[in-house]
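Each of the next two complexes has chain A plus one more chain, namely chain B in the first and chain C in the second.
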Partner chain A sequence: MPRHRPILLFCALLGITTPSSAEPVVVVNAASSVVRLERDEVVNIFLGRYRRLSTGAIAQPIDQPERSPLRADFYRRLVNKNVNEIDAYWSRLIFSGKTAPPLRTVSSQEVATLLAGNPDAIAYLERGQIDKRFRIVLEFPR
Partner chain B sequence: MTNADHAPLDPLHIRGLLMRSILALILASLLAGLAAIAHTAQATRQHAQQTTQTRLNELLDTVESTLRVACFARDATLAGELAEGLLSNSDVLSVRIFSDQAVLADKRRHAGNELQAMSLRRPIFSPFDNHQQVGEILLRPDPQVIEARIRDEVWFAAIQLAWQLGMVAVAMAVIMLLFIVRPIKAISDRLHRMDPTAGERLATPRRHAGSEIGQLVYDINALSDRLVGALAAEHQLRMQREIDERKYHAIFNNAESGLFIVDGAGTLSSWNPACARLFNIDPQRGDDEYTWLHVALLNWDSPERITGMIRAALRENSAMTEDLLIVDQDGDRHWMNIVLSPVGDNLLQGVVHNISHLKEAEASARQLAVTDTLTGLANRLGLEQRLQTLVQQYAYTQTGGFSLLLLNLDDFRRINEGMGLLAGDNILQTVTGRLSGCVKSGDCVARLSADNFGIILNDITRGDVADMIAGRIMNAMRQTYFVDGAPINLHASIGITIFPHDASTVPNLLRQAELAMDSAKSTGGNAHVFFDPILSEAAEHRRQLEEDLRGALRNQEFALFLQPIVDLRSNRLCGAEALLRWRHPAHGLTPPDSFIPMAEKTGLIVEIGLFVLDAACRQLLAWQQQGLDYTLSLNVSGRQIPDGLSPAKLRAATEHYGISPGRLALEITEGVMLSDIDKSLRWLNEVHASGFRIYLDDFGTGYSSLSYLKQFPVDTLKVDKSFVRDMQQGNNENTLVGAIIAMGGSLGLDIVAEGVELPDQVQTLRRMGCQYAQGYLFSRPVPAEAFPETAELVAERLATLSG
Partner chain C sequence: MLSARPATRTDKTTRLGKHTLIGVLAGLLLICSPRTWAVEAPLAWDKPAFSLHGFGTLGISRTDQSDNAEYVRDLSQARGAGSNWTGKVDSLLGIQANYQFGPRTEGVLQAITRHHGEEGYDPELTWAFLRHEVLPDMSLRVGRLGTEFYMLGDTRLVGYSNISMRPPPDFYGTLIFSYIDGIDVSATRPLATGLLSGKLFAGISPEQVPFSPGLTWNLRGTKLLGGYLEYRNGAWQLRYSQARSRFKHKLPTDELLGFAYLAQVPEMDMAGQWARFDSIGLVHDDGPLNIQLMLNRIKQDSPAYEDSRAGYLLAAYRLGDFTPYLGFSRSLTGSEALPLTGDPMPNLADSATPSLVAQTQVDQHSYTLGGRWDIRRNLALKAQLDWIRGAPEATFLFKFKTGDKRWDGDMTVYSLALDFVF
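So, the complex of A and B:
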């Protein structure tokens, strides 16, 4: 994946220059009862293992656009995989149809909109996009 | 050869070396093969299991990532797909896939035994977290497939092994056949036909000279040699034993010695013919069944001695020998020498010889030692033994003296030399007879040597009786003897000594009798003389004289005196006669008459003569060096001719001193010449031929044979002094001396007149024509060192006489 290297480099530089505004954080609708999630819980929800929350609701994960740097950064931080690997993972599961990948979006604004409109939704955003509609449930350590 | 009837072996015989080896090889191959196959099977099984595990693991590796996803997502569909895929591999019998909560898939190809041990269980981890287990997969391989694979592999290995072992066995069999079985078969065949005693031997098979087979052939041949050698030796031994047995049998039967075996009880168990002859055993007896005989039943003189001897030999376990008397059927007694040697088993081997003739010979030899064979009388030893016995008897009893007579025939040597030994023996036998007739039967007559007899007259101790008997013997001796009809007259000399009057020991008696007899001889014989102590003294004197003479030679006590001889024609000194003197340390100057006879008797005269010759030569040398041409004459005794003073010794002496033999004259008497004419003549001729001059001494006193004078090479006559001394005017002697001088002159001889003492005699001799003279008128004999002085006196005397 030499093609993604400049992106990773860019992200790294971004992180240094803007320490907090561009980094991904996992968020839920502020109306949700979920306050805090463990990393494993986030992995299970986003990679389709199970999506039932401790509250009993079925979580609805929302992915960033396929080519966005935030998505690559998120999966790198979550399971240390690149987006191709994540895509290959999903390609095997989709065949059986037992589970589905997170909801696809076309832009980060769409993510925010979907999240704001669904209390069971769970997504990840740049820290800079966070406002009062959303609640951070998992932050990745620096 | 015990296996000579065995058929030769077929090499393929079931018990043959080859078949045995092949069977053993096959058996060993089978065992080895089985072991190898068992091992191979075990190894193959393990290997197959490992291979299966590896393959299953590899299989799982290829699907692991998908498995992770299926287990993470708990996707049974995906898991089922995976399980189906895995089952497509023939090794796999069943597949089970678990998530952390439930079985996702459980697929199995067909019913059958699952191989629990070989099942493969692997945990499945999350695709996103290698530490988080999200499931498990259990794979079970198909045992039938694995077994089939193992079977195939083992079978292949077995076939391969069988091929290899088969090839090795065939190769071994061929090698054995070629290198071992065939050579052994060849050797065996050859051995079957071989005759070692005919010298046949095995040939070493080709190319086997250095191999074990070759060594075996060599050993077999060596063994054959040894066996053949041993066989030949054994055969030789058997032949030799047979020959020996026959030989010993022959020896036993033909032996001159009697041989027998006797046991401890005295029973004779076997004997040879010689033994039967000696013991007078019936010859038929040995052939009967009743072959034993007790030794004491033989006709022994004393049977207890032979039985005692048997006991002793067995007791001592050593050989015994004894001489025993046995009586034959005619009553004759025979001496048997018996030797008994133990041969073990209480048996004795006996050897018997008839030694009767030996015993007789022994007895006769004992007799012979003391007997004179010619006359049958006792000899000197016999007489001495008899005397010894008588002397000893007298010592015990103090009775029984005797007279001892020694008798010697006078001039008996003349008979032996003149008429032969046989005539002498005849006379001796006659003498024996006559002597025996003159004495009593108990008296002893003995012949001591040649013509010496001894007579012991028992109990005769009185001189008059002995004298009478001696006279009777003398008379008997004087009777005429006849030898071949020729009459011969002899007489005897007898010496008599009386025991115990004259001497008490045998040697003294014999010596005294001999002295008495010598005394009778010295007076001309034909007399008997009693021993007188004076005779003993004279004998002692002679012995002393002889000793002194030997000492004199050793101590150089002899000296040469010179008496001048003058030439009456030229009135000058012309030489001297050498006269021997003895400067006796005790008796002073001794004239030759008192010792020359003794010197002649003992032979010392020869050494003395050589001394005189040496001294005379030295004197002549001295004269020669002084320019004097004197001659020197010396006296020669009969005992010095021919060897004592041989011509060679004379020549050697003159040559040694470098003097002319013509200056040395040798004076001999007629008696010397007459004792042995031939011998003397040879000596005289050789001496004369050597250049020495010969003087005839004492001429006129003896035979004065004219023929001898002609025959002998005499140069000079010396007229005896007795004629000269009695020579007077007109006297008979005068005429005699004149005749001698005339005769000598006519024979061409020089004349020396001895004993000239008076001037008148010189005148007379001159007138008669005598040229040389010697005597006190001119000089007595003087020592050599005084001779020059004497020569001057002689010259003065001659001058006076001629003046």
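So, the complex of A and C:
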């Protein structure tokens, strides 16, 4: 999110760690038995490496729209990659007939609706979008 | 012989293609029963059942050579780049259709057109398989599949998914197998803090490869078996792969020499002989930094091809949308005792053997400098320079305009490419 970068940088310089309502957090459906996920587990799920959860369920990841700033922010925080690299990564997997990428969506409202309707789904949303239908399972260090 | 060749080529592409297609379609019909659908639909939403993707490269390259030697991407290409710009080495177009029969079953078809073999740009059916997730972390594929002799080997034609212009020919150049008709099974499980995964494959080759100007070596029916074991932890990925091939058909050596050579020196006959490919791949992919190190060894049972060792190191660092990279690669073959006819008198066959084997000799290293610019989504522009230094007598990784195999052991390759996916 380039628009927020100067502010974030400013806060970081001052040692201020106020949570921004626009920052991405990883969430599951509140009905899921998953309480917390490690960053590596989230990497494995979103990059299609391994999607079986410790509960035995198969995580079904949902992506934000391709051009959404939240998506760029999420992958930068998760694996320090830009969206071009993530797309190149998926082109490798798609064109080698392996795992399918996370479910594509057209809006963050759609992400929230899909997540609310599926106990095995996992997504990332802006912190400000979280309500009682969802549970935060991973936050990124500020 | 020569006039019969194009017919064989068409025969291969269409007949085997049809064969596999029929097999796949029959399998698809079996799996696609309404009942399977109902059982396999735990998803709360519908994925699009059909998707079409494509990838391609518009690439041009030339060398500083004024002699006969032409630079090729791998030995599947009969002609390559000389002193004039050409699109032959890297340009290609691939189309892939995926059909989701249920959340756990998928059918995939992929066709690629690129310069390969003698005839040029005939499209090839590179994949036609059904993939089924037996378990969520175990999948089975049946049909025509990409081979993974080496790490990253099955996407070596998808330029956009790779950082550099092309996989280093010093390493991948001798890999003549791109796909198999067969089966593979792969599985992944957590181990310690990482992921352990493995794959086994078996099948037969439907391909053929240029042997010498005007002559093709038929690989159809060659048995291919192999697998890998990989451990991934954080930014590190380490893989050991092994593959074996048992060739079915003779090399067209008799046609090349113009007399019944193989009957006199049967050891030089590749039919029935095994080759073994061992490799280790290490990738470090941490944020903007990507480093790849690969080493391989190819052991040939037949003395017709020299055994070889190769390796490469590629390091890239992303700066915004621009990713400069540097590479080094090395490839070397070693000679063995040459087979003899046993005839004490000087004869044609014994005098031909050393030069035949010498044609498979490789002794070179390359330095690569390049940049990838991600212009916009799904489109990347690349520029690359390769400096190849080698022994003038080691000519295996090059193609020659005429039978006069000469190069001075020194070649610079200039390349530009646009890679895209859609």
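By our rule, the second predicted complex is superposed on the first by the 123 of 142 C-alpha atoms of A that agree within 3 Å, B and C clash if a C-alpha of one lies under 4 Å from a C-alpha of the other, contacts with A are read in each partner's own complex, and residues count from 1 in each chain.
Here is the rule we go by: contacts are C-beta pairs under 8 Å (C-beta built on N, C-alpha and C of every residue); 3 or more make two chains touch, one makes a residue touch a chain.
If you're wondering where the values come from, they're calculated on a predicted model, not measured in any experiment.
Asks: Fit or clash for chain B plus chain C once both are placed on chain A?
Replies: After superposition on chain A, which the two structures share, chain B runs into chain C.
Asks: Could you look at A:Leu114 and tell me whether it touches chain B, chain C, both or neither (first, second, both, neither)?
Replies: Only chain C; A:Leu114 stays clear of chain B.
Asks: Name the contact category of A:Val79: first (chain B only), second (chain C only), both, or neither.
Replies: both
Asks: Just to be sure I read the superposition right, which of the two partners does A:Leu47 touch: chain B = first, chain C = second, or both, or neither?
Replies: A:Leu47: touches chain B, not chain C.
Asks: With the two structures laid over each other on chain A, which partner does A:Arg133 touch: chain B (first), chain C (second), both, or neither?
Replies: neither
Asks: Have a look and say if chain B or chain C is in touch with more residues of chain A.
Replies: Touching more residues of chain A than the other partner does is C.
Asks: Pick one for A:Phe95: touches chain B only (first), chain C only (second), both, or neither.
Replies: Touch partners of A:Phe95: chain B and chain C.
Asks: After superposing on chain A, which of these stretches of chain B ends up overlapping chain C: 7-15, 25-33 or 133-141?
Replies: 133-141
Asks: Common interface residues of chain A with chain B and chain C?
Replies: On chain A, the residues that contact chain B in one structure and chain C in the other are 49, 79-81, 89, 92, 95-97.
Asks: Residue numbers of chain B touching chain A in their complex, please.
Replies: Touch residues, chain B against chain A: 66, 69-70, 72-78, 127-129.
Asks: Would you tell me which residues of chain C are touching chain A in their complex?
Replies: Residues 42-45, 47, 53, 55, 94, 96, 98, 106, 108, 110, 127, 129, 131, 136-137, 141, 145-146, 152, 154-155, 158, 160-162, 188-190, 193, 195, 232, 234, 286-288, 318, 320-321, 374, 377-378, 380, 421 of chain C touch chain A in their complex.
Asks: Under the definition above, what is the set of chain A residues touching chain B in their complex?
Replies: Residues 43, 47-49, 79-81, 89, 92-93, 95-99 of chain A touch chain B in their complex.
Asks: Give every residue of chain A touching chain C within the complex, in rising order.
Replies: Per the touch definition, chain A meets chain C at residues 40, 44, 49-52, 58, 60, 66-67, 79-85, 87-89, 91-92, 94-97, 100, 103, 114, 117-118, 120-121.
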